[in-house]
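Notes for the one structure printed next.
Labels for the chains are A, B, C, D, E, F, G and H, by order of writing; each one numbers its residues from 1.
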Amino acid sequence: LRQGSPEVIFGENKTPEQLLTIVSAMTGRQRNILVTRLDEEKGGLLVSRWPEGDYDPLARTFCLQLSPLPDLHRGPLLIACAGTSDLPVAREAMVTARMFGIEVEELTDVGVAGIHRLLAETDPLSRAAAIIVVAGMEGALPSVVGGLVAVPVIAVPTSVGYGAAFGGVAALLGMLNSCAGGVTVVNIDNGFGAAFAAARILRRQPA
Amino acid sequence: LRQGSPEVIFGENKTPEQLLTIVSAMTGRQRNILVTRLDEEKGGLLVSRWPEGDYDPLARTFCLQLSPLPDLHRGPLLIACAGTSDLPVAREAMVTARMFGIEVEELTDVGVAGIHRLLAETDPLSRAAAIIVVAGMEGALPSVVGGLVAVPVIAVPTSVGYGAAFGGVAALLGMLNSCAGGVTVVNIDNGFGAAFAAARILRRQPA
Amino acid sequence: LRQGSPEVIFGENKTPEQLLTIVSAMTGRQRNILVTRLDEEKGGLLVSRWPEGDYDPLARTFCLQLSPLPDLHRGPLLIACAGTSDLPVAREAMVTARMFGIEVEELTDVGVAGIHRLLAETDPLSRAAAIIVVAGMEGALPSVVGGLVAVPVIAVPTSVGYGAAFGGVAALLGMLNSCAGGVTVVNIDNGFGAAFAAARILRRQPA
Amino acid sequence: LRQGSPEVIFGENKTPEQLLTIVSAMTGRQRNILVTRLDEEKGGLLVSRWPEGDYDPLARTFCLQLSPLPDLHRGPLLIACAGTSDLPVAREAMVTARMFGIEVEELTDVGVAGIHRLLAETDPLSRAAAIIVVAGMEGALPSVVGGLVAVPVIAVPTSVGYGAAFGGVAALLGMLNSCAGGVTVVNIDNGFGAAFAAARILRRQPA
Amino acid sequence: LRQGSPEVIFGENKTPEQLLTIVSAMTGRQRNILVTRLDEEKGGLLVSRWPEGDYDPLARTFCLQLSPLPDLHRGPLLIACAGTSDLPVAREAMVTARMFGIEVEELTDVGVAGIHRLLAETDPLSRAAAIIVVAGMEGALPSVVGGLVAVPVIAVPTSVGYGAAFGGVAALLGMLNSCAGGVTVVNIDNGFGAAFAAARILRRQPA
Amino acid sequence: LRQGSPEVIFGENKTPEQLLTIVSAMTGRQRNILVTRLDEEKGGLLVSRWPEGDYDPLARTFCLQLSPLPDLHRGPLLIACAGTSDLPVAREAMVTARMFGIEVEELTDVGVAGIHRLLAETDPLSRAAAIIVVAGMEGALPSVVGGLVAVPVIAVPTSVGYGAAFGGVAALLGMLNSCAGGVTVVNIDNGFGAAFAAARILRRQPA
Amino acid sequence: LRQGSPEVIFGENKTPEQLLTIVSAMTGRQRNILVTRLDEEKGGLLVSRWPEGDYDPLARTFCLQLSPLPDLHRGPLLIACAGTSDLPVAREAMVTARMFGIEVEELTDVGVAGIHRLLAETDPLSRAAAIIVVAGMEGALPSVVGGLVAVPVIAVPTSVGYGAAFGGVAALLGMLNSCAGGVTVVNIDNGFGAAFAAARILRRQPA
Amino acid sequence: LRQGSPEVIFGENKTPEQLLTIVSAMTGRQRNILVTRLDEEKGGLLVSRWPEGDYDPLARTFCLQLSPLPDLHRGPLLIACAGTSDLPVAREAMVTARMFGIEVEELTDVGVAGIHRLLAETDPLSRAAAIIVVAGMEGALPSVVGGLVAVPVIAVPTSVGYGAAFGGVAALLGMLNSCAGGVTVVNIDNGFGAAFAAARILRRQPA
């Protein structure tokens, strides 16, 4: 994974100054740089300093591509998303996956309360080499997807919801208890981690 | 609800002697009697004392019908159940509903990991006047059912599962956060309560 | 439920721009529109764009009626509310129910610590075809109401309270463990869901 | 409290031998002895050794009265109890209170789902100098009682219930969030502690 | 409790307008008025409208005395407080108790990590007719006090602390599990409730 | 995954009779059969009925191979395990993986408190096409392994531990928060699920 | 720590056969052996195989001394214990400490509800080079001890208690939030870990 | 500990005025003063009043040295820190330790996902007389360190992380369940407490 993978910075708790210092230091190494969890202010700062970089306000990421993206990966990664409120997490996964050189397809608004919308999407489902499923509230989508496909399914619970959603705990528990076999789970809102796991899976190994 | 409804005894914490005493006292009132949460020993004891009664070892219920069942209810109640381990709770709901004079249909093994099994059951789903959905683990089935039908959906989480299922908490939270609108929920393993709620709903009201 | 039911938008996590776009798109379909969880700023924006719409600051809802309300429902729905702090949730339920064409009555400030206030309300209680009970803190009101009436009782816990109320968890648990049979529960503060459940129940079914 | 109060032993984790040793040592001091949380085997052992003692299998207590009970207390203590499953805890409170020389009255099966049973009991309620309210499940009874009387109300949650009752947590939270002012709470199933608190309250103080 | 007790308003979730309306309506009844949980802005508003009233910024209370305080109570109430951060809750209890006509003494900064400070206070401890103990963090003070005195001890956990204090849960659990017999507990930060409970206890009953 | 994958039965809540019935019915289909979570009694029963089957008392599994194992998988799967108490879960994973036709290597007793034991195992670590890491208590092993290799890492928390291990919750949370990127997690003690996920990953896809 | 420290085996989840095998293998190395968490049956088995070993039924430990205990430690370790139910954990700590060559003193039944018992023990408190404090229920003892002494204080919460003690969680939280500075904490019931920590502290370091 | 130790003020909940008053009062005693948990505004205020004092914005501490630091301590204290987000807590520990006269060394960015960084630091690890390990997320670092050294290891969980980190709970549980023996733990983010514990340990005792 080492070669071709980006340097990643978790932007959440860092001050603007810290971010500038860290990114500056990294640019010397000529590896691609991904900064996550950036609000618009921090994102704007980075873009004004490195205009060739790309800030995505939905994903809250900043990408600075300093060398070609690797092309080591098998097949497309499908990122499926239950509701529109889950989009920021899905987008963080998408941006991250692309920095790993993975081809990404997206499927949005295919929540389980309107199951026919998901079932209509036979093409993207059958094409995918792996699937990231992003869902909040009851987090049921990975169970349905896991029952439809044989490829790896990585479930990302989101903090979308209120009351007994407990900031994503309901979705997390739902996914850990998925009745579809072999669904794996990452932390709440961890789109980055899901894409990283996909990169581990889709990497074309020697042999 | 008063007229036509059974007397109900919660059998779990009661000694065999207490059960005999309470049921004996009740038989005088000529109302139908339902005892729930009875292990085989207590069930056998009640049957040996009242051979006309009916002990269901799966539902863990004892029914003693002393007067005709009421016929006050509209339409069939569908009880749908995700996995075979959820059957005891579904059966408690079924036995209870019948004591309220409700016609019951059953659908088993229609968990969301094999969504086509559920979707194939268009007839029972469209016929139902109300649906009780029983599911453990991630408790996702009510969301799918709630998206398919317009009738009342009562979700019963079960304690089926292990680890992060936390004795039914994962299913309970999933159901409380259902992205299908208007799904209501009862306590973990409370098949009795779900059927009671159905009786409140299906009762033919004056007017 | 499909015909006659409103389109519903969950306003909480949406930006003003997103809301304008979504509502605009929907107006084309000539179905009634309900937006929930709107603060005053977003509500004002929608009203200034669609002055014929109605923003309710207590319910935090915006209603845009583009076609006649359906009249498919049996009997009045009673919405009973323990304390004045529970009113926003009760009002969200009321607004939602009305968008489903349901006739609503209200009962406020009938908390269990002054039980005689509730018991004095025999008329609305006996008239109701179904009851939504909204309560925070210990969430005890549904148990008392459930013992008084035979119609469906839908309990809505609210996040009212502090300390060991845990944002509505105490009320939620109280309602799930109601000693009154057949009380069903929705998520914390989910007035919308309770009214939706009532619409499922009160819908006049064919036959 | 010191003079007149019993010596108390928590029997739960103690072996039969430890109990015999401890009680023996205490008998020398001529103070009354109360042992709580005794199963029938341990209770039988103590009775066979001290036949003048009294084992109560419901309360799971053993009392050995070696000196006259104190008579220091004002007015009767009412112990009210929601359901029959709560009786063991109520009885532990009653036995304890009597060892403190307090006059006790009992009210059973006055749960909030049948509120008229409680409201019918105006005499014991108005007579009481203090009230212990024992309830499991949603633990709502203390709120209703607290709204009816001006004397001290001590709430005891019990572990009665299943699923989301969480071994008494639902009742505990309900009581801590009581909307009736000035209700105080003790630990789950702590009938002993409630009676001890009543003794602190009802003790006739010098002056 | 009815006669002589104040009208109480929970100020937290109410808007300034609501507070003005409610207090205005109440002044007509000539009973004393207590408003709790008021920030400085709301407090200032009430004082500017009723200059004869008294806003306490530490207790966050507003008192409006319209009739003489009752004098029905036995002995002084001691309010003991572990650390300086617990003072707002202790002060809420003090203000409330005074509105019930109870004489109050205070003891501050007597936390258990400097146990000799508490033990030096023999006079206030022995004089008290009842004691409210306010403590955050590990909430250990009520256990020590409960072992020193025979009068009623009401424990108030506070949300003081961080990390594993969990907003007062650690203190709450500590107090519920006090190894001193007969300590009772109210909700986290509920100084008002503790004083109300003291009023129930200290009220001079007929006879 | 469909072709070549075993039929799997969750044995935990099933009676011996149910197991006999289900397995009998399945044998007709000529697919391989895997039964998990079997105590020795149930395991013995299945072996006495199908002596060609294989009961593993450590894994608590029963395997009945009725057709050749598939050979569709890339590279070896390494199953690494922190302590000896984690072995049953690791073994369940191993048995399951073998039923999917996956070649398995094992590494035991490489917990993080003796980090040099793990670091010495460079060969199995570098050879693995994917790694399942099984650990209880603080569940730290996946973080270290995830930092050492680029292949997929599936973490399985176990219920090993006591006190604040909370039946595997501490390990589960540790794994969900792994500071090594792209580690995915399955339910507590879910060795089966981890191996199923590995089968999804290691399946040789068309192209 | 390596030289002079015992080999330690966690006996809880191991079968008698496993224990015999492991201990046998270890005896070859001539280091002292400590097995913890042994019930009487397993303990008896080990004693019958190695009669020179010592099984302590209270501590649930088995010690097999094969070489002289190290004498590397400074000063006595005091193990103070709140109630008699905490004794097994205190004893586990004591046995462990002795296997590390540490001189141990004991103080029992010095719970905070009878604070004068603790304060009377000035000698052992002032003599100690370090103190282990064992307490269940509210776990308050370490705060008081930590305020009295300047030496290291290691707090061990025990699972003693019921209801809201939550198997030691209340004591654990109390200790983590101790208002006495510099108190450190180990896992619930982890007497072994506390003694191990004491050994790290009391070891006479080079220089 | 008394002589030579600083006076410590917990700045979090105190107003600027309270801080000025308290510090002023203390300066009279000529002991060194440490104020913790100060934001930049409060810190600036203290510095402008006592320019000889030192505000550290990372540690959020203010130190006012009025007498020489004690020199009572043995060996250097190593403070090791998993990630850069943990630095504020590590720095609070460092500042505190220095006020106790302890010599401190630091090791940063040695998280377990890059284990070789830690293993490369043999010198500071072997030199340390005690080690404070600060880590968030899965909190695994103390287990690795505890396995490498024989000196006391004090683990400080931090609130760094998101989702299932639960504000430091994941790290706290990880540390309490450390499979390295004798690791002790303080509250989440309690750098102060860890340094205080180190001072208890490293104090040169009489004898």
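Simple rule for what comes next: a contact is a pair of C-beta atoms (placed from the backbone, for glycine too) under 8 Å apart; a residue touches a chain by one contact, two chains touch by 3 or more.
Keep in mind it's a predicted model, so treat the numbers as computed, not measured.
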Rotation angle (°) superposing Cα atoms of chain E on chain H, nearest 5
90
Could you see whether F-H or F-G has the larger number of C-beta contact pairs?
F-H
With chain centres taken as the means of their Cα atoms, state the distance from chain A to chain C in Å.
36
Compute the distance, rounded to whole Å, between the mean C-alpha positions of chain E and chain G.
41
Counting only Cα atoms for the centres, state how far chain B is from chain C in Å.
26
Contacts with 2+ other chains: residues of chain A:
163-165, 169, 172, 176-177, 181, 187
All pairs of touching chains, please: list them by chain label.
A-B, A-C, A-F, A-H, B-C, B-D, B-F, C-D, C-E, D-E, D-G, E-G, E-H, F-G, F-H, G-H
Chain C-facing residues of chain B, complex:
1-2, 8, 74-75, 129, 150-154, 172, 176-177, 181-187, 192-201, 203, 205, 207
Contact set on chain B toward chain F in their complex
84-85, 160, 162-165
For a test of understanding, state which residues of chain C touch chain A in their complex under the given definition.
10, 12-14, 157, 159, 167-169, 172, 187-190
So, in the complex, the side of chain H touching chain F is made of residues 82-83, 111-115, 119, 137-140, 143-144, 146-148, 161, 163-166, 169-171, 173-181
